[in-house]
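Below are two complexes that have subunit A in common, paired first with subunit B and then with subunit C.
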Partner chain A sequence: MRTHITRRLLGALAVVSTLALTATACGSDASDGGGDSGPKDVAAALEKGGKVTVWAWEPTLKKVAEDFEKKYPKVDVELVNAGTGDKQYTALQNAMAAGSGAPDVAQVEYYALGQFTIGKSVEDLASYGAQKYGTTFTSGPWNAVTEDKAVYALPMDSGPMAFFYNKKVFDKHGIKVPTTWDEYVEAARALHKADPKIFITNDTGDAGATTSLIWQAGGRPYRTDGTDVTIDFGDEGTRKYTATWQKLLDEKLVAPISSWSDAWYKGLADGSLATLSIGAWMPANLTSGVASASGDWRVAPLPQWTKGDKTSAENGGSSLAVPKAAKNKELAYAFTEFATTGAGASARVTAGAFPATRADLESKAFLDTAFPYFGGQQANRIFAESARNVGEDWSYLPYQVYANSIFNDTVGKAYVSPTTLTDGLKQWQEAGVTYGNDQGFTVNK
Partner chain B sequence: MTTSLTSAASGSGTPTAPRTPGAAPEARTRTDARADGGTRTRTAKRRKRPPHTPLNPRPSVPLTLVTGLVLVYTLLPLAWLVINATKDQNGLLDSFGLWFAEDSHFWDNIGRTLSYDDGVFVRWLLNTLLYVVAGAGGATVLAVLGGYALATYDFPGRRAVFAVVLGAVAVPGTALAVPTFLMFSNMGLTNTPWAVIIPSLISPFGLYLMWVFAAESVPTELLEAARIDGSGELRTFFTIALPLLMPGTVTVLLFSMVATWNNYFLPLIMIKDPDWYPLTLGLNAWNAQAQTAGGEAVFDLIITGSLLTIVPIVAVFLLLQRYWQSGLAAGSVKE
Partner chain C sequence: MPHVLFTPVLTLTTVSAPTPLHTLLPHSTPRLRTRSVTDARNPAMTLLSTRATAAPPPRPRARFRLRKEALVGWGFAGPFVAVFGLVFLAPIGYALYLSLFQDRLIGGTSFVGLDNYGKALTDPRFWEGLTRVGLFLLIQVPVMLGVALLVALAIDSGRLYGRTFFRVSIFLPYAVPAVVASLIWGFMYGTRFGLVGNVNDAFGISLPDPLSPSLVLAAIGNIVTWEFVGYNMLIFYAALKVVPRSLYEAAAIDGAGEWRVVTSIKLPAIRSALVIATIFSIIGSFQLFNEPSILQKLAPNAITSDFTPNLYTYSLSFSGQQHNYAATVAIVMGVLTAIIAYAVQLRGMRKG
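And then the complex of A and B:
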């Protein structure tokens, strides 16, 4: 069902991109006449006022929307939660295909942005002067939203990975915090042996987590150059990941609990899930969702594939993009800029978001924040260090949303059957190649 | 489903037995009891005792056990819901699911559910009420009018209408949702309450039920007598037919109310603006909140919200069930 819908939508995407091409043609005509002073148009639009519809699920945007309306009283920001993640992308594609009802600004996760840029269904913000923010954001998120000279979105937050562990459980069983993935496997064995109810972590097959760990291990399975795409899960980084993770699966050292389920929250609360290797946005979720475990958890740098390394990767994080179908693009850009840079970004960081802006990441107040949840630990220092050490040159597929949706049909087998991770990834690769070629990409040719 | 319901309604005088188990629980139990008694009483014992009538069935221990089991099975989720609505987020994660946590947060939970996110739950509740009153109410009115007309008037094309209605009953609403979305999108009606209300007005099943019910319960002689006495068609409908149709009307109203109250898929694709969400979508949006970076997990509010969501529909059932029963029994003493 879901596959069919996605297929249908990608079909629709092709139509949309054709329309978008026509729109681009019109757009260039207009700019020939009106000059290239993008920022000025934005100022005029703010003066004139109007309504901006924003589709986003990020909770801290609410405050930003209020601040924006206060600063520009003529502008009315309508914040709509049109779904979370792929549900919202489906709605967005639907609205674009239907030709009406698309928002002026949309939250799009980094992994999903390619799906919208390849069809040119989001505005290139460089024409509004977004290029000047090249040094404002950290390199990982900035790379994720730019392509050559084009800026397809502005980074809203980021998720440099860190290692969250339940110190109470670790102390009780005398386990040392692992600094390498080999030590991690050892810790997993020791914990599970000490108490069979305890698992080092949960994993039932999560595309985001798997790709992030491959990223950290140095694997670069996806390469995209226009419509030429390469998928290769045979490189050394991927092999490092599968070798380690296969051990955990073979010895049944990871709990068969899906992330974000109620069982997951329960495991995090009662100590039966002892660690998480996840993005730096996790503290907000822990604080609100697992309040009873306050004081038990601590943060450490991610275990390394090679001892002494400091490499990290991004896990999650999203951007704000302006769809081509937006009604009021100047205002949309103004809001996007406000929410992602300067005071707006700082306000969101204060409210608990993890910044993608260098200034916020390096500010003393941010680094010195003591988290009562982590026993007063200054966890942001670890996150900021991780953000500086994110492995470079990672890219996702232009159809990563689809690819992730079939992750469990392929790699997922490794979690429930004798299929190995390597074979699962190979099947995932093959399915991705077939699908990409069907959609008009040139994959692995 | 319909057949058995109407045959049950038209009474035991009808020689044909229900082909499928009835939609109403009463009808089903009674049919089962009869069938069960029939197979087991084919022994010699049967002749020594006076036969058990359907109204005075033979007490059966296995049957009571099975019924009890089904009762527990049906009530267990409800019990879980009530129990867990008394827990806060920590209690939900720490305590055993089928028993109470140490301290009760029931009233606190209700208060927080109603006030969370500027009281958006109340807004969703009012939206749902609007959809139910306008959608299910409208659907019932249309079904009663249409069913009565089809049952009492003979006009060319009646058989064609019959075929279309039967065909429409067979098409699931889910299959029509996407075409409906594209149509409404072209008319610019998506993201408005109309997108939910208008499709809810169409209830082929309700129309069919009313049609059959009207054919059974409104005697042609009565209508002819009214006409001879000089009553106009409208007056005949409102003063004579409508009271006779009441039990059927309530049944259709109940069906469409439940369907509209629980409707999820149609609003899901039609409505993006949380201000127009019905409760089903709203609760799901809260649930999705726990699955996002930086989102707030509000499992306690979702559970309390779910409990609040089912209370009105349970109340409607309890209040209207006597009409429904009288509807089922209505035909049994006729002629």
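And then the complex of A and C:
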């Protein structure tokens, strides 16, 4: 009796497994048609109308979608928030693998774009005429979305770095705003000495911030040429960064508070976290998240690694890409173009986004904007200057999303144990090499 | 697609609500035990098997009748089998299928046979996580079950003042979802703005940071204990309620003290409840996920992405795009959990 039941169960299992097998087999062979349509098709598609599904979390796109529908009444834009950052990328990757359910347009941060271009899962927009925007965008973002002749996305915003500091705290303790990272360390010591509750900034190990500062210091740890990848955290730029940052960690001058946590917002509001070195998209977050400290904060250029330099780096920022699995690619491109260039881009800047377009960055209205939060300071001038001085030739890994997810497993040790930053970065490098080789890349060979 | 993969893990996640109910019913635990022993002597079973062996070669009519009966049987069992197959067997089958492949960013999907299993068995990150939950199991589970047993015995002793209040308030944390519980404790553990920070400020002392790498496992153990003491207490208390009061009277007449009653009557009587609670706790420990996953935001350097095997499969699949390898790790973990839980069950039941 018992064996009988077992046999039946096994039979059922076999049937079910077979079904599962067939289901996957069906799922994976959704083929995509070629994407060789020129600008003409875009106009025709707009004429014909249809529906564009956009996956994005950028709030200013809502207004753009409305404007686009107004301009092209036959087109229906559906804006979906499929999650922020890697949550959205996971959903996107799954939809692409499944061959159905992928959006027509997707927001992808610059650091994550490589994962999609290497798998050839986003359209090369050059075939739609996107090459002509080469001079429309600032160089940092444009480099991030292009590879040789291919244009894999259009830049939506950017995050040239700037130095945000709590002027009230600096004034109270009579400390000079640092212009170099050495002065920054001095200021950190002075502030913490004046009031042990005050830290120059918070840091619990953030892959984005670390890579950005290495970028500014001239380090170029990642090189990608097709599937050949090099990871090297031993170059001079990286060493400059670790030497300075190790001092801050050793002397416990940075607060062990994670960014975006409740404690972080509280610290920014009460003056116990005195500065932030972060992307130019930060003002909107300060205004809404740290409203009570309005008037206390100011913006300055990022401290330099060498006195008198003006070098900057990007921190964050995202683009709009058209997945190969999109149903209506011409309309998708039309929307992407509308939202990232011309009037659409300007409208988003007005709504608070930080532009990636030269025209908006240089417009008088933009530069002259006074920020009440920063005591009336024309902060955009500093951001625009930073955008012009972003270090060239930076590239991320084609699998940066995964690499960043294990940053705290490796480099994080430097924050909570005697491990040094240099050793932590070495471990991060090794983990990245292993993963890359496992994934079929040729890393450090 | 990876959602499917996680279904087998999630269906078993810690002690999910439906399972415990039957153990709370009086008599249910002893019956469970006797049934497995007396299976062979079950009269219904004997009847069936006699008919099967003694029946003459089936005539066409009888065969038709049998087939009809079988059909009717399937009509009853069908809906269950369908749902069972779809939500239980299919995900496991799919995970097994996934584990035989490798999907790479360059080169796509290829069949690799049992390579993933070889990789998992020699993966230090997996074993580190497994060792960690093993340690957790060895320390947290005895503490939690010990406290639960103590409370159950105290309530059952009838000498406790405000018994109902005590019972309800200890059980209450179990009604708090694990995610919320972790958030609450996460706030309390804060050394700056949390309870720990307040205590430090108020008394001018400096307590060690519960979320530092050396203490974080204990901090998680504390949360899990807080959550599940009440639940285990209820299992033990329900089992104690079933013990006939006359036994205690007889023991008292024989001159047995309270301690003797506990060791000679109460503990042996709730033996199966103890075993079942232990098995649930073993499974719960091996599947530790919610608490570390929530606290990771507060202590990113103390709780690594491979802190527990479940967290490791999660990060492999959701940030590493390694669904196939994640499925393999999940299966290996499932098999290990089943083996250990089964060994404990055999051992626990044998002596009884």
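The criterion applied here is as follows: the second predicted complex is superposed on the first by the 408 of 445 C-alpha atoms of A that agree within 3 Å, B and C clash if a C-alpha of one lies under 4 Å from a C-alpha of the other, contacts with A are read in each partner's own complex, and residues count from 1 in each chain.
The working rule: a residue touches a chain if its C-beta (ideal position, glycine included) is under 8 Å from a C-beta of that chain, and two chains touch if they have at least 3 such contacts.
Bear in mind the structure is a predicted one, so any value in this text is a computation, not a measurement.
Within the superposed three-chain model, A:Thr227 lies in touch with subunit C and out of touch with subunit B [touch as defined at top]. Of the two partner chains, neither subunit B nor subunit C is touched by A:Glu362.
In the superposition on chain A, A:Lys266 contacts both subunit B and subunit C.
Legend: residue contacts after superposition of the two complexes on their common chain; A:Ala98 is shown touching both subunit B and subunit C.
In the superposed model, A:Glu385 makes contact with neither subunit B nor subunit C.
Contact with subunit B, but none with subunit C, is seen for A:Ser292 once the two complexes are overlaid on the shared chain.
Of the two partner chains, subunit C is the only one that A:Ile118 touches; subunit B does not reach it.
In the superposition on chain A, subunit A positions 94, 98, 262, 266 are in contact with subunit B in one complex as well as with subunit C in the other. Within the complex formed with subunit A, the subunit C residues making contact are 1-2, 45, 48-49, 81, 85-86, 89-90, 93-94, 96-97, 104-107, 109, 190, 192-193, 212-213, 297-298, 300-302, 304-306, 315, 318-321.
Against subunit A, in their complex, subunit B makes its touches with residues 89-90, 92-94, 181-182, 185-186, 188, 190-191, 269, 272-274, 285, 288-297, 299.
Of all the residues in subunit A, the ones that touch subunit B in their complex are 55, 57-60, 80-85, 87, 91, 94-95, 98-101, 157, 159, 260, 262, 265-266, 269-270, 279, 281-282, 284-285, 288-292, 316-318, 352-354. By the touch criterion given at the top, residues 1, 12-13, 15-17, 19-21, 24, 27-28, 86, 90, 93-94, 97-98, 115, 118-119, 204-205, 227, 255, 257-258, 261-263, 266-267, 398-399, 401-402, 405-406, 408-409, 412-413, 415-417, 435, 438-441 of subunit A touch subunit C in their complex.
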